[in-house]
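The structures come next, written out as structure tokens.
Below are two complexes that have chain A in common, paired first with chain B and then with chain C.
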Partner chain A sequence: MSRATPTRAVAAWALIGLAGFVLLPWYAQQEGVLAFDWIGGLWSHADSASGLALIAAHNRWWLAPLLPVLLASLAVGFVGGTRRQRGTTLVWLAGIGLAIFWLQALSIGLRGWNAEWLTLTLGEVGGRQVGIGIGATLVLLSLLGLLSLGLAQRGAFGGDAFVAGAMVTVVASIVLFTAWPVLRILLQAFNSSDGTFAPALLLDRLSTAKIWSLRCLTGDGRCGVAWNTLFLALCCGAGTTMLGLAFALIVTRTGFRMKRTLRVLTVLPIITPPFVIGLGLILVFGRSGVVNQALDAWFGIAPTRWIYGFQGVFLAQLFAFTPVAFLVLIGVVEGVSPTLEEASQTLRADRWDTFRTVSLPLMKPGLANAFLVGFIESIADFGNPIVLGGDYGVLSTEIYFAVVGAQLDYGRAAALALLLLAFALGAFFLQRRLVGTRSYATISGKGDSGLPTPMPAGLRRLAQWIALPWAGFTALLYGFVLVGGFVKIWGRDHTPTLQHYAKAFAVESGPNGLIWTGAAWGSFWTTVKLAAIAAPLTALLGLLAAWLLVRQRFVGRSTLEFATMLSFAVPGTVIGVAYVFTFNVPPLEITGTALILVLCFVFRNMPVGVRAGMASMSQIDRSLDEASATLRGRAWQTLAHVVLPLMRPAMVAALVYGFVRAVTTVSAVVFLVTAEYELATTFIVLRVINGDYGLAIAYSCALILLMLAAILLIQLLVGQRRLGRRAAPAPIAARAGA
Partner chain B sequence: MRSWKAAILAIAPIALATPEAAQAQGSLNVYCSVQAEWCTLIANEFQKATGVKVSITQKGSGETIAQIKAEAANPKGDIWFGGTGDPHLAAAEENLTDVYKSPNLPQLHAWAQKQAADSGFRTTGIYAGALGFGINSELVAKKKITPPSCWADLLKPDFKGEIQMANPNSSGTAYVAIATLVQVMGEDKGFDYLKKMHVNVNAYTRSGTAPMKAVARGETTVSISFVHDGVTEALAGFPVKTATPCEGTGYEIGSISLIKGARNLENARKFYDWALTPAAQRLGAQAKQFQVPSNKETPVPPEAPKFADMKLIDYDFAKYGKASERKRLIGRWDTEIGALPK
Partner chain C sequence: MSAGVEFRNVVKRYGATTAVAGVSFAVASGTLTTLLGPSGCGKTTVLRMIAGLEAASEGAILIDNEDVTALSATERDVSMVFQSYALFPHMSVLDNVCYGLRRSGVDKTTAATSAQEALQQVGLDGFAQRQPSELSGGQQQRVAVARALVLRPSVMLFDEPLSNLDARLRRQMREEIRELQQRLGLTVVYVTHDQQEALAVSDRIIVMNRGRIEQDGAPRDLYERPATAFVANFMGESNRLRGAARRLDETRVAVTLGDSEIVVTGTIAADGETDIAVRPETVTIDPAPGPAGSLPGRVVKATYVGTHMEYTVETAAGALFAICPRVDRPLAAGHAVALSLAPRGILVVGG
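Moving on, here comes the complex of A and B:
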């Protein structure tokens, strides 16, 4: 089957690269490329010259090999030969081009050679390099495009250029923006404080009693942070999965009448900016909180500080992460085929047996994914332990303070981060063993006319007993928080006031229209803009990666799967420092820009898109893909017209999560925000540090409204997945709801 | 063609990157580790006084030094204003900041001049704040206990489970407290004291400012904190009183440092000199922060805890500001106190 496109595509990609090389400035421009002040100096000024001019007029000999590579690739587009031969040539050319590109970019920096031994062996290099600009970026993209075309023409990935392109995109971006920075910072674990390589130090750093002590079991001391973290994460993973499942079952499998309210309530905690849940819990359960005060006043029970420590952090994490479990599980519970359940009942299994032997096993991938997400969220969580932990130290707070605390020890921080990663890795492999390689596909091409079986009565009651008090509790907590924005001093002076909202969001009308005088507007708009850019990218990349991982067979699949989880398992502080380390120097010098914030959002939050996508995709029968392929649908057509429409819940989850986390993340961006690009969360955290809770809460409430609006918009845009299933007739629903 | 869309979408934003490197004449990047309003004030006032365009990034002192360290290969900040002195001294020791002897140095109090000399003129004090106790006056009254006025008072059984201090592993404030006790009582006696106080401590928080906030909200009765933070809480409407121990107490010196490799060196020096003048130091009080300014001529705000009313020790910044000494003392605290059961 010969297609015309591949050769045309090769020529097109090569031309893009050549255009970047000849017509556009190679290095980043001071005033931004859109200022177009570089046009005049495209040949004459080294700072704004194109790649070609740099070689010819500015003695940048190291760029020279890239030109023949691009020209040769262009030629490949026009010569004959078999598909396979062309592919092999292209892979070689692109591979050499990429190698040269990175070699020169990484070895020649701001002050000439980047390493001393290079200067010693090769002599001074005649020039310096700043970060790459639009020209170099286009060349890089073109090389990556050529590489994917080459791979496809060689027959890799079923010879499909889209699959190859998707693979190259996902791998390249994960390597650049996750693996590279993370590994760079983790290598610090092997360095002594003055920067020399000393691998033995790692053992030292990791073998202290502060990490591993088990003395709390015998009662004569404290347990190490590693055990604390692990115990908390196991509890959190199990707890959030259970609560999430209870909510998912109630919403999908019962006739419970306030489903909508329930859904909103379960979503509230994820759209809550950090610290708010912690502060709310203190207000309710703290020593001066309502519960303790009431107990004191009515029963004379002296107020205690029980909320500080494991209990408090655990409670706060349950609040914070149950919604994520719910989002992962709801798609899965909805996806379980009613036909199989009906078949089970036809075979005279009762509802409980059906649930136990059919529905529950089919939910296994979802449950395992929810647990994994809960577990990892917990070990990477920073905001809750810092507010409520008291003495109970966990790895994330320990790492944060190793970086910013009195010790200032990157090595220790990196060593602890390695440990944290090891936990994440352990959970990841455990999850894979639990789920195994069995088939969980229940969404197939055959119309599924079964009715969702109502849950066994006992289970239904259990789910309601777990979920409803919890929902009530959430409502109560948020009631308090809401009130907090409208009183003078939260927890002290309860005179109603609007002053906090006025301070944050005042708008005055001036001679030239509205003037946004509120203190919060600047960071608010920056946040909205960046999150709106990041969310679709997050979802796109996450689902693309999920699709590759589930639907394509290739070498290194599990490595890629783990790499997608990498940035999620590493605590935000470490990611933040890693980004500054890596992207503050050429070739990718992007600190201080909005771009680095967007990238940080995308690559930090992508894992949830991947998890949700994988969970929901493993339910969709491959025969659907095959049917599409038989009808000569190409891979992207299958993805767009068959898989994606069935994955709407996962898409909603990824988009919502991408947006929400971009708005609420704090520890990762602390080091990346600048005066120009301040974010809502960093603004709020500063207010909290200053004790200005009223303003912080007012702002948080505004953000919650913003995110609710965004979620509704996303659901409206993406729509619901339509499975060929009948709606349950009224009597059953009524009975189930009774 | 459609097959490239994903690829382009995913990586295209790189092309829009516009690394900002404020090399244009007349600008200055300030890393500011004091409270937000104060930061905004100094930025605006300096801009008004000199015409230099100031962009200010506010972060805690721990976070700022972490950032300066991470950016060391290609510094983005020019000057670091404010924040407790230890991280400034650590930055000096790690060669992250530059030597600068401001012509305004002679106008400063002796403690500020001494600290500058101790650091080899890599940092200079702009304000000082004493260590002491934060006390929730409502809780004290309700429990009918005498508020503490000496270190010795904290050992009384009245305060069982009522004291909060930070963990020196993570907090500079807690380290100042330990170094102070070591200087007031001698090292062994100081640690002995901390061990005895342990039964009265309900938590060693990770953050240095957390104990004072806990006092304000009534979550604990007494904290070991910097007293000027208590004034801020009291002005915000919380029932907070402060006291400084009768045996003598230590203090922090909020400092300013010039970042090594600053791109706007001239403006950074201008800012450095300006920050030591009364005109600049007055702004702290205007932002409701009540440390004692380092310039002798700066009027001390009436709300500020007065150094004259306290018994201040001659805090040895040269010795206790060193990384090795800090590591040793924190290590000792870890094995002797941090590991004790509750």
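Moving on, here comes the complex of A and C:
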């Protein structure tokens, strides 16, 4: 039989649940569980009692059914029966346990029953509940673990407990931290402001000229925000994909000598807080920016507000999202088998034909993914439209104003969010149609010793003509931002100074060592800590989901794929509001904690890990997985020893993205930060609002340095994928010179 | 003799299509059995079901007399050599060979020792630190074999292992695989679409067609006594002719080809026109026309292939492809010849 001992695993999970039920406080503790002030009241005090004590001594009868469920699961670990029978029993027990757990948690809240009809039908409940604590969490985890084991023993997922566990983990976390809050806020679209259900309101909210007007085409007014959003997203998706491809081709397929510089340059915008690109564009093109000042001084042309509008947002988004496309595409371009290109060349195809008919089609899934990412990033972007949009309104800013303005209309915000989701859905299905189910496996189990084909000359020149000026312009933009941090007031007083940096990052030596007196230190360390926690979780969950989606066959695959994309498509503003809306009441009462920030980071940034992972994994031949399986490699060993090492580019992308986005995000967290957990970006935004540009720029530069360091560290730790392929040939001139 | 692998009425369906339609067979321990058939006949699916990479839709699969139908690939005591070799490109040769041992919990040094031994067995000592991409196709193949071998599995599976090698290497590798299998007493199931390869390496051959077993037997039986027209056609080259057949008794049939009547072993349902297969190497070509009982004809194509001559001869019974070992005295096209057919080379394959 199997070498694993499922019965022991069952017993272990059941015991974890029982320990949580008996030995630890059920509800969340005021001072945190690590304060250990609950130990004395574990039995006697209702706030800090264990589940068992709550049933026995505090009249919380609704928790009682969980105990027999856990005990019965423990018994399953010790009785006989076939594997399949035990599995079925476990699935039932865990299912019942989970149902009871959520039923009681959702229906009994801070003031007894959560809904009036429950009080009317069942009478007063005689108790109230705060958010779940460590004990309840352990019980929940135990039930999920038992469910996974049960499913595996029933033969689901090839009978592999790890795959079943991964599936349950991914599904449960997405349901809990993406689907649930998003659904709650979207349901709000159907509710009137006082909370009654009124679906007709949705039509009212959606059918306004402000959303659908096409008047900009006829020249007498503005277009609706929906058209604006869509047009911007299409331009952004196409633009970033093209630029990303140009950069990826130059880096992987030419002997271009400044590759490393180029790599850093293309990564720069991604590690920049979103408003910095806007700020930089304003420093260049704004009314007091260099371009306008020069035009004014030399030709007497009055400064214009040209940058504010579509062109400004589009430019900023190109800067902001090209690096994402680049990160997605570099793995794809590297994955195209050189042998196939060589084969094509031997078939009378010249370099251009080869690129057009072989390389490019092979990159198609990657290109479609890059486009999708650019499209969705654009419709979800908030920072650039708010800084540069001017009159050009898009859905995300519209939602923001619906929530923070004088309106405070959650319903309207939710209705607009529904529209955004529809666009994301459209992009998703378009991508699936384009890519289809064709196989593009190009990393096979056979050693591939072909040489990457150099690009056709025309294409190489085109790529360089696009990418190099772009890189130059990026450098210029950053140059201005950098300088901006060292002058007193940009545009007015250009005296060099260090005052902004001193204000933010001053360190004094006191009697007990260093004193971090700078204004920025608090938010800086919080940001670093939370991002460092979130990044590995993001990568882990994203790649795990990608692996399940690509390598496992199961019912509901495309539903899961869509669910992983969901939080990505929802603009940060909505996610932020949804999180506050959902998680400031029991059962998951985590608003104001660091946990909610980490969760927000993880579930907002996971989709990039999923996409990068899927694109990269669909290029790894399935026979490698199968070889590992026939060589006694269990699913998790295959993942750890074969799949992950071959997916290093995707892993780097996911880690980098997870960290960087956690550091730079504004829109989602602006609702979630507290005085205790203030983040760098929200701190900077406050400074910008106060007109303190110098400090904002100085802090931003410091953040950029921090993220550069983090990226280098990640690249160093993860390393490159060793495929044993030879590098692209050096250009003739370089070889001749050597 | 115990069964290393046994299939009991195994069916595999993919949605509406049936890839394997009720297959039963047993592979004796310590033997090499080949699954042979054209592409799409279900042979690879059968192999993958033995490995546990595909789950059977119906029926039972036994390995070493133990029912493994419900076990995953990881849990089965088999290992497989893939058509693409499936060497892990990011690991050295040694790490590739160690992989299975390490996953089974063997410590590093023991695994390395066993791996070196396995590499030695396939003639690759000294290559341990190379990357797979630095090896030739044949060497990669050997690494794949060593990687499977080192686990000492109950059953070793080969999925068209030689199809990516050149002809010379293919012959050498198939001999090495056969030699290794006999030396170590391995139980091997081998998939190929190349009948010559199958004849050369196998103790037993199972010919498959459209998800079913056509015939199951020793190589010689299949070649000399094919049960169906499909097998006759698939096992080696044969000339397909129509001729009159007359049943003589239980085991003998008189076949008329042109003017000559030949008595051969075989059975037919009823006298009359029937399909007849003639093996080209059993046709003797006589440059002078004439001997009684022979089939007169005319050479229409002559090809020199080094070891022998290949002729196409037009006869009253139809065009015949023949092989002649006499290369010193080739016959030109247009030459009139007499063909004698050896009874053992004439197969009556059905009405």
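We adopt the following convention: the second predicted complex is superposed on the first by the 720 of 738 C-alpha atoms of A that agree within 3 Å, B and C clash if a C-alpha of one lies under 4 Å from a C-alpha of the other, contacts with A are read in each partner's own complex, and residues count from 1 in each chain.
Keep this in mind: a residue touches a chain if its C-beta (ideal position, glycine included) is under 8 Å from a C-beta of that chain, and two chains touch if they have at least 3 such contacts.
The model shown is predicted, which means the values in this text are computed figures rather than measured ones.
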| item | value |
| --- | --- |
| Partner chain in contact with A:158 - chain B first, chain C second, else both or neither | second |
| Partner chain(s) touched by A:393 [first = chain B, second = chain C, both, neither] | first |
| First, second, both or neither for A:30, with chain B first and chain C second | first |
| Touched partner set for A:626, first chain B, second chain C, both or neither | second |
| Contacts of A:646 with chain B and chain C, given as first, second, both or neither | second |
| Which partner reaches more residues of chain A (counting touched residues only), chain B or chain C | B |
| Partner chain A, residues of chain B touching it in the complex | 2-4, 6-21, 23, 35-36, 55-60, 62-63, 65-67, 69-71, 73-74, 76, 86-87, 90, 94, 161, 168-172, 174-175, 202-207, 209, 213, 216-220, 232-233, 236-238, 326-327, 330, 334, 338-342 |
| Interface residues, chain A side, partner chain C - complex | 1-3, 83, 155, 158-160, 443-449, 621, 623-624, 626-635, 637, 641-642, 645-646, 721-725 |
| Sites on chain C touched by chain A in the complex | 51-53, 55, 70-76, 78-80, 82-90, 99-100, 103-104, 131-135, 137, 140, 147-148, 151, 157, 164 |
| Interface residues, chain A side, partner chain B - complex | 9, 28-34, 110, 130-134, 137-138, 140-141, 144-145, 148, 161-162, 165-166, 168-169, 172-173, 209-210, 213, 215-216, 219-222, 282, 286-288, 305, 308, 386, 389-391, 393, 397, 400-401, 403-408, 410, 488-489, 491-493, 533, 537, 540-541, 544, 577, 580-581, 584-585, 588-593, 595, 598-599, 636, 670-671, 673-676, 686-687, 689-692 |
